[in-house]
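Structures given as structure tokens follow.
In what comes next, subunit A is part of two complexes: it sits with subunit B in the first one and with subunit C in the second one.
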Partner chain A sequence: MNVKTPKIGAGRPWRIRFGGHPRVLYAGLSITAFWFVLALGADFIAPFDPNAQDIANVLHPPSLAHWLGTDNFGRDVLSRVIHGTRIDLQMGLIGVFLPFILGTVIGALSGYFGRFVDVVLMRVLDVMLSFPWLVLLIAIITVLRPGLGSFFIAITLVGWVSYARLVRAQTLVLKSSEFVQAAVNLGYSHLRILFRHILPNAMVPSIVFSMSDVVLVILAGSAISYLGLGVQPPTAEWGVMIAEGQNFMMTAWWISAFPGISIVFLAFGFSLLADGLGEKLGVQA
Partner chain B sequence: MSALLEIENLHVQFRLPQGLTELVTRKPRRIVKAVNDVSLTLKQGETLGLVGESGCGKTTLSRAMLGLIEIAAGRVRFDGDDVFNRRRTEQLALRRRAQMVFQDPYASLNPKLTVGQTLAEVFKVHRLCPLHQVPTRVAELMERVGLSPELEDRRPGELSGGQCQRVGIARALAVNPELLVADESVSALDVSIQAQILNLFLKLQQEMGLTMVFIAHDLGVVWHLCQTIAVMYLGRIVEIGDAEAIFRTPKHPYTQALIGAIPQMQADAALNANLLAGEPPSPLYLPSGCAFHPRCPHAMEVCRSGAPPVSHNTRLVKVSCHLYDKEKR
Partner chain C sequence: MHRFNFVIFRPIQMIPVLFGISLITFILIHSIPGDPIRILLGPRATQEVIAAVHAQYGLDKPIYIQYGYFLLNLTKGDMGRSIVFKMPVLALIGERITATLFLLTYGLVFALALTLPLAIIAAIYRGRFPDHFIRLVSTVGLGFPAFWLGIMMMIVFSVWLGQFPVSGYGRTFVQHLHHLFLPSLTIAIALSAVLVRNLRASLLVEMDSDYVAACRAKGLPERWIFYRHVIRNSLIPTINLLGVNLGWLIGGTVVIETVFSVPGLGSLLVSSIFTRDYMVVMAITMVFACAIVIVNFIVDIVTVALDPRIEL
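And now, the complex of A and B:
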């Protein structure tokens, strides 16, 4: 007898899968991979030196020689966008990694030990949440001094709250789960229970969230640079480039438009990655 | 045979968090009396079945037995030593002698660890053997609970409920305990798997001379396994004693109702008319007198007020019910 086995998910065409991976995850991975290649190979891929000025070719529209045109100093916009990828990716990744670590530690301690520790840490968190975060970010950077280092310090001080809340909520749930009770009953130490049994399970939602947080951090970094508080000119960074190009918006739109499109495209990649990862790990992002 | 576990007048209470209105109106804090004045003794090698409806305090009692939760009053002694107030090294020693198997086979295993890692961790933490022997000890352990060796690298998500429960049992047995508390360990499993796991418990008990506390809400399961039965209702033990005697002639009206509720495998068996009606009262507001009186078919005036009935010793069982007051006198 020939029985046709029904394909799983056959009735749901919007969930087409490639090699077992959700399409969304695949698309997100390809887009972010594209940017990583650009960032790592910037020196080889970029056709011009990003900071080389060419006064004879100022404000040139996109052409075969300069695919994305040149800016008011005659610098090649394509090369600057490619080199800017480095700075922006670095901003996004470090700017998520540091708050992720701080927030995870605080959230885990707060949720696991509870009582006094929890009350104190959660009130600190409430205070942080009561400020608009971008204003707080700008304030901290201004007090330190403008630059990428200050941006990382500020984003760590501001960004940990989301991770702390996520991890704390998960820790509270897991603390009363049976496998943690079993660990307690087996006489495991607090450190072992927290780091081997609770955290690996509690971190899943915040890993997914961190992917979409990369988008926010890059946008914040670009905004900070646009305001002149982050990366300083003449370094090629997308926010800086948009700021530099805004005086020429009406005559030379390409100076600001292409870095802007790059930000959107990079953000899109990480968003898809977050969605796909969330679906794969069974978490709502 | 000496007593391995002694529980004397144990009380466990949970304080409920207060709301704002209760704080303002200065209402006293509400307290759930989960376990009320429970005393029992477990001899070496004995198997005790603890039965009762959901929420009657079985699980709380089992956690208190192992010193896992704070108690309000009373005393729990394991092999003569108090389970609470121990130093860390003593605590670890107790953990090696008394273990627990949990209710939900999936939730009781860390989803991120493989079977092998879960079991190896016990050996490593308790330093039960030199490090290089850990893999062979894990393999032995898996064989003993009937797990095939290729499951070692699987995670709980890739196992069936029965397999997970075997891993849970293996983890508890790794330290070679004397007392094993099984908290509703088969109620989440299919009936056919239940029988397998029960037989595993029986086999292990005979091989290792385990003392067991078997918690269940299914009396049939308990009868299969236990010599002694304790019936709990709202945090109190209402009847305790020899399993055979309790099954043949249940004395307490609640036990009678529980046994009457066991489904009969006879085509024309009449449905039992004395099934219990309604839910047990909230442990927040325990009824005065005998806690069972609102649902008891034999409730008398004496049951409704005053102190809960004292227990009466007969030859094989101890029962707390006013029905047997006269027999005593």
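And now, the complex of A and C:
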């Protein structure tokens, strides 16, 4: 018969044991922890007010007073980068959390109850996947008017697809496994079986994927802000800062350079986290 | 040739997807804030005129009939008019599409030129320094914002070294190659980061498989095994990944065209958002989606051609 057994030890993502040499995982954790500290303590760590203008010190190259230089309004680039961490990290986390929840619920219901719901879902997935997602994101934000709130709505409408697909596939496999059969025979309700027994096991691949998705969402969010459709100036956000610096790239390279390096470094942390977690849980991200 | 039968049947399966694309586009157009007729006629139009034009365009009909009109117009190749450029949207897209296609192809060629050697070196030196180094670089590369990379390359190659133009497209083919060098290199670097990781992984899987051992036992030289057998088999997942990533590649092109002011569909899309030329935004979104459906179809054909075992 075609009964597939779930991978032993693949479940319970909340009980990761740190054995062996999860160097990649540790490196990823340290880098992301660094950014979390920076975001939470921005007010104490940043040497200047991110929006304080200093007309006497405009377009200063990196120096001892201003480690990363100043921009065209004399604002301290280092302080703006540190404060930008808050927005970009928040963008990445919320922008993954909302699609994660929506996609997981839809994927689980569709995989568990199947039939008509599943047929419709599969067709919707086909259509959604054929849109270039950044372009669809831009089109939805256009309708909603530019802004951070619109970005979150749009990323939810576009991003749930990947999670629905992953969870649906896992649910289909787990549905026919023995422990689910046991739960059925015990007379548990459908919702209890689905949310207490199947979902905790079905979520493992999506948790690993969500880490690399943070990278994609931060890149998309900063790109949207760069285009002027997301976070609006004068808020210190990395994409906005890069866009502002582009006007002065002939003379002041540091305005655009450092926010970009921050994006790369933050994304690197989450990529490592995804790789390390995937290795740990036996899932290919 | 029954393996290639899907070439005939797949387009039929694509029809519902294309319908879905048109439906989503239609919903988006409908959710646009403001009355398109009011925008079209300007602020001085009277209520009667507006109502008359509404009736003329069928905007007073129920929504499913409007969707019918929308589909009917699509079959005639009519995607509405651009308010800013005062011309049919389709003609406008036709004008701009060459630059985008040029940029995409150019970027793809660069991406392959980067990916193939890097992945092969990483796989051959598995677990040793070159492998670790390439993996590190490609993991870092995953997080490169393409727009930032573009600006950095402009600063280094155009501002500091004075080698390449900062923006534009040029007139002749050679000028295109020169103008689009940095934009396509930017796209290629971002894309290669994904492809190198994937191709390296599938090269390693193939190198460990039984047929390689069989070739060795037969006494074939390592080079021959690698270039004749291993690479050919590992390319299939990578080509599929390329098809999957096309949407992502197009998204990158939109941003890069804006960074380098390339007169393509992407920069038109972004500028149309700010001029509220909504029909252009939606038409470009739809054109991109249809392009992806078609390219994935072609990817399927290539996959079947490369591997005689695969049947679709």
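One rule holds in what follows: the second predicted complex is superposed on the first by the 264 of 285 C-alpha atoms of A that agree within 3 Å, B and C clash if a C-alpha of one lies under 4 Å from a C-alpha of the other, contacts with A are read in each partner's own complex, and residues count from 1 in each chain.
In this section, a contact is a pair of C-beta atoms (placed from the backbone, for glycine too) under 8 Å apart; a residue touches a chain by one contact, two chains touch by 3 or more.
What you see is a predicted model; the values in this text were computed from it and never measured.
Superposition note: with subunit A as the common reference, subunit B and subunit C can be accommodated side by side.
Between subunit B and subunit C, more residues of subunit A are touched by C. When the two complexes are overlaid on their common chain A, residue A:Glu178 makes contact with subunit B while staying clear of subunit C. By the document's definition of touching, of the two partners only subunit C reaches A:Ala139; subunit B does not. In the superposition on chain A, A:His197 makes contact with subunit B only, not with subunit C.
In the overlay built on the shared chain, the residue A:Ser150 is in contact with neither subunit B nor subunit C. In the superposed model, A:Ser225 lies in contact with neither subunit B nor subunit C. After overlaying the two complexes on the shared chain, residue contacts for A:Ser79 are found with neither subunit B nor subunit C. In this overlay, which is a superposition and not a single complex, subunit B and subunit C have their closest Cα atoms 9 Å apart. Looking at subunit A, you'll find no residue that touches subunit B in one structure and subunit C in the other. Contact residues on subunit C toward subunit A in their complex (touch as defined above): 16-17, 20-21, 23-24, 28, 31-33, 139-140, 142-149, 151-152, 154-155, 159, 246-248, 250-252, 254-255, 258-259, 269-270, 273-274, 278, 281-282, 284-285, 288-290, 292-293, 296.
Residues 123-124, 126-136, 138-140, 142-143, 145, 212, 215, 218-220, 222-223, 226-229, 239, 242, 245-246, 249-250, 253, 256-257, 259-260, 263-268, 270-272, 275 of subunit A touch subunit C in their complex.
Across the complex, subunit B is touched by residues 177-179, 181-189, 192, 196-197, 200-201 of subunit A.
Those residues of subunit B lying in contact with subunit A across their complex are 66, 68, 91-92, 95-96, 99-100, 102-104, 107-113, 121-122, 125-126, 168, 171, 175.
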